[in-house]
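Note that the chains are named A, B and C in the order they appear, and that numbering of residues resets to 1 at the start of each chain.
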Amino acid sequence: MQERRDTSFPQINQDLLRGVIKTPIWFWLVLGALGMVVLGGAGAMGYLFYVGLGLTGLNWPVMWGAFITTFVFWVGISHAGVMLSAILRLTHAEWRRPATRAAEVLTVFSLATAALFPIIHVGRPWRALYWIFPYDFARGIWPNIRSPLIWDPAAIFTYLTGSSLFVYIALLPDLAAARDHTTGWRHTLYSVISLGFRGTARQWRLQVMGGILLSALILPVFVSVHSIVSWDFGMTMAVSGWHVTIFAPYFVIGAVHSGVAAVVTLLALMRWVFGWQDYIRREHFDALGRLMLVVSTAWLYFFFMEFLFALYSGESAEIALREMQVFTPPWSYFFITFLLTAYFIPVPLWLFRGVRRSVPLMFLTSLSVNIGMWLERFLIFVPGLARKQVFTFDWYTYRPSAVEITIIAASFAVVALGVLLFSKFFPLVPIYDVKEGEVFSTRIEVGRRKVPAVVREE
Amino acid sequence: MARRGILGLFRDADGAAEAVDWLRRSQFSSEEFEVLTGSPYPEGAFGEGHIKHRLFIFPFVGAALGFAVAILLNIGTQVSYPIVTGGKPILSLPPMTIITYEGTLLGAILFTVLGIVFESRLPSRLPKIYDPRISDGYIGVMVACPEERLNEVDRGLRQAGAVDVKWEPGAAAKI
Amino acid sequence: MASSQEVTRHLLGGGRGRSPSFWLLVGVLTVLFGAGVVGLIIRLQGGFHERSVWGYYAATVAYLLTITQGAPLVAVALRLTKADWRRPVTRAAELFTVVGVLNFFLFLPLLALVPSAQGRSTVWLQWPWGAPHVWDTLAWALLVLCGLALLYTSVLPDVAAARDGATGFRQRVSAWLASHWQGTERQWRVQRGGLVLLGVFYLMLFVLVHTLFSSDFAMSIVPGWKDAIFPPFHALSGLQSAVAVTVVAMYLWRRAEGQPYLGRDQFWALSKVLFALSLLWFYFWFAQFLTMWYGRLPIEQTLLQLLMVGPYRVPFVLAFSLNFLVPFFILLWNPARKSILGPTLAATSILVGTLFDRIRIYVSAYSVEESAAHILEQVPATRLPDGVDILMVVGLVAGAVLFYVLAARLIPPIAIWEVKEGLYLRVERLFLRKGVSVVGKPE
């Protein structure tokens, strides 16, 4: 960590609480713009509910289209939080410090947004609600726990609960810091939600141990969530291209791929917007770039395995599906775009240190990955369903309607709005973690050179 | 014996560590004082006592409870509504694994969070003499001090290098 | 703390391995290995026309591939992540590359058992020529060569140290091996870069060989077995066993020589990796099992019969318990994870479990009759090992151990340069009132 500039605690507080304490003009402008998009999406949703699902491009046999794709996409993004913050905490990676909170917050908001889509997809969501609350026990009907469609909400509920609590626990010390730097109603608010945290040795001990323990507990949930999402598809026999044993790890690694990229996007934005050059440094992008090299290449291996074994036994259903993905326009264009943007453009670039240390380039490449990863899911679901039937006259295609596109675009605004509002109330970079980094960093002398060093307790 | 809180604020960590040394020499036990910092320090850096906690029990209890509830849900729903779908027998283990797994981990996580809060002795009321400068890097040494020793402790803290010493007003208090 | 000179002297150690018990061990292993070779010769005389008799041999080759050839990756991964505690561990892991040489020659007879990829379902699809035999052999050879290059690059500075310290035969060999090495800054830079590059190549080749071997030499033999997760599962099992075999080697070595360098830190850190990999083992297995179980396709039910619940359910249950349940419940406990014995027990369990796992996969696959059918209809009966099988399994595993022991005799089994580097990058200091270690992070 040789690029660290020695910063004092008041300076850290002032810098990292800036977004919470001051409200610049751009905040209102961006808030307004995002609000408009969200409102537009809500309007489209209302219209969709009023008229019905016929407004979408969904038609037999493609009954799952852009909504479900976007659902899986956001669940995938939500995997960044835990991946980064839990694994890096467990491995004591020093460079995790500024990135963890942003990653966790991204998890919470993207997961909540993802959960919207199945609800929208129900068509008449109030009926779903009506069936569930209050539950009509008298009928003696119970959910079928052998169905993936029950596993999925169970997993997402667990993950959403767990990651929200994870964020909250890690937020406690920063809420205390915010309490100490605010007045008026905000002071009262932070006093209440910081639970009276005051930084005793015991509280810090529990904070650190608890962070590690929660990381270890939430990792298995994180793996299970996307596995179960993949089993929504993989368990079914109807689409032979989905009934693949590798689906679970393939989805998980793909989720990590897109999620880490999303964190890079977010970190770059934070660096620009809040001026946190001293906290989110080039070395962090470098480290994330190296991590993405590994993750993306592992993902490519799983993608390759999935594709290879689709062709393995030469079944006609599989061939038809792959033929549509790879050779039938416009899907073939999507396929090429997907391969290029998800892997073959960004990954060779990341091999260069100069690229990894350039914030704009990392921003662009991380965006590119997520374009590719959205297309990847789209290419799995839609051609799968379009070529599901045996006879060619039952084959069909799908084109998302304007309403669907509006709602999907709005979902990006929802996540952005969530993170923006969060940053208004809570620091997006964990203050105490950065301070801990300051306390624990030191230097040792090797010959004539002073080497940056960290204090290890164990 | 009435006690009052007294807080010494130190600009550097060495002073706080010396204050702790002084407190120990003056027969204060580690339950009677605590060091407040704005960020984690290595455990025992100020010479405070080893922290005992039972955090590791919480996830196990939570996992056991979550497991039990999930198993009950799994079995109960299938037994009360026994319809075989897709040729998968009632009470077959593989699909039951999943809800059980999620339930177990949910229980473990909920209890761990409770455990962290509980073992941190939270929520608690912030002492009146708490000083916001602590989050700006000052280090506080707070002592639950018998009334008759207040002056002595005040002197001791100042000698160790405290830039400010605050007394809790009036009534008896505990920390 | 030891000084740099002390480390060198101690690790190059004059007295190491000269004890009678060492030679006794070598003798016993040689006899066992000889018996294994005899077993192999008997089997070779039987010819290749009946594939099923080769099941246990294939399982042994797969077993050795799984447990030994991933071990260098432990060193590679730890170096890439700059784990500070890795220093005394890496060489113990890297040395397993020498077993790869033996394993490569053991692999060759299997080639005669597998028909050409033409006209069958294989990962080679419509590949025109040489599939799978030529390419699989090539991949495996590259893996072994890359491993040897990796080992040589890592050993070079230590051999130079031996050259400067030793006499007689060893001095001459060392001088030849480390001819140019002087330890200039440029040489160190090249050596480090080389370790990274070779490490990355080794990882890729490792995954490739596992993918090819598991699909060509197990999956494609069973008609109708199409299972995308099986190759990754095979490779993952290789990583799990690699960590396990490293832990066991460290433990035995600590017992034999009272190594002061391999302490609780190393075992503790590896135990966490081992725990994570054991969970992943279950995860990959479960993804495979659940998809096959849930689909209810006749072929998938037959495959579950063949591989898990049918004639090979005993080795399967053993593999499942020893690869997942036992390590899971041992390593779940903090005190066990933090000890030296705990990780070692878990690792031993994994090594035994992996043998049963390979048996249930390969023996079952090889017992399937060759036929023109596209789908497996009849699950063949259990095939128990005969005397020759037992000779081969025991003897060839003993041969692998023999290779390792001899290599550790010739090559300093702790990376001296790495440990020395750690000496000045790790300092014990007082942080206020608490003793802590301070770890330097250059770069």
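Annotations for the structure displayed:
Convention: a contact is a pair of C-beta atoms (placed from the backbone, for glycine too) under 8 Å apart; a residue touches a chain by one contact, two chains touch by 3 or more.
Just so you know, these numbers come straight off a predicted model, no measurement behind them.
Of the two chain pairs considered here, A-B and A-C, the higher C-beta contact count falls to A-B. Of all chains shown, A has the CA centroid lying nearest to the centroid of every protein CA atom. Subunit B and subunit C have CA centres that are 44 Å apart.
Rounded to whole angstrom units, the spacing between the C-alpha centres of subunit A and subunit B is 30. Per-chain CA centroids place subunit A at a distance of 35 Å from subunit C.
Residue positions 220, 455, 457 of subunit A each touch two or more of the other chains.
In subunit C, the residues that reach two or more other chains under the touch definition are 290, 294, 296, 431, 436.
Along subunit B, residues 41-43, 46, 56, 86, 88, 95 each make contact with two or more other chains.
Of all the residues in subunit B, the ones that touch subunit A in their complex are 34-43, 46, 48, 51, 53, 55-56, 59, 73-74, 76-78, 80-81, 83, 85-86, 88, 92, 95-96, 98-99, 101-103, 105-106, 108-110, 112-113, 115-117, 119-127, 130, 132-137, 140. Here subunit A touches subunit C in the complex through residues 1-2, 90-91, 94, 220, 223, 227, 231, 234-235, 237, 243-249, 301-302, 305-306, 308-314, 442, 444, 446, 451-458, going by the rule given at the top. Within the complex, the subunit B residues that touch subunit C are 13-14, 17, 20-21, 41-47, 56, 86-88, 94-95, 97. Against subunit A, in their complex, subunit C makes its touches with residues 81, 84, 121-123, 125, 207, 211, 224, 226-232, 265, 272, 279, 283-284, 287-288, 290-292, 294-297, 374, 424-425, 427, 429, 431, 436-443. On the subunit A side of its complex with subunit B, the touching residues are 8-10, 13, 140-147, 150-151, 154-155, 157-158, 161-162, 165, 168-169, 172-173, 176-177, 179-181, 191, 195-210, 213-214, 217-218, 220-221, 224, 228, 432, 435-436, 438-440, 455, 457.
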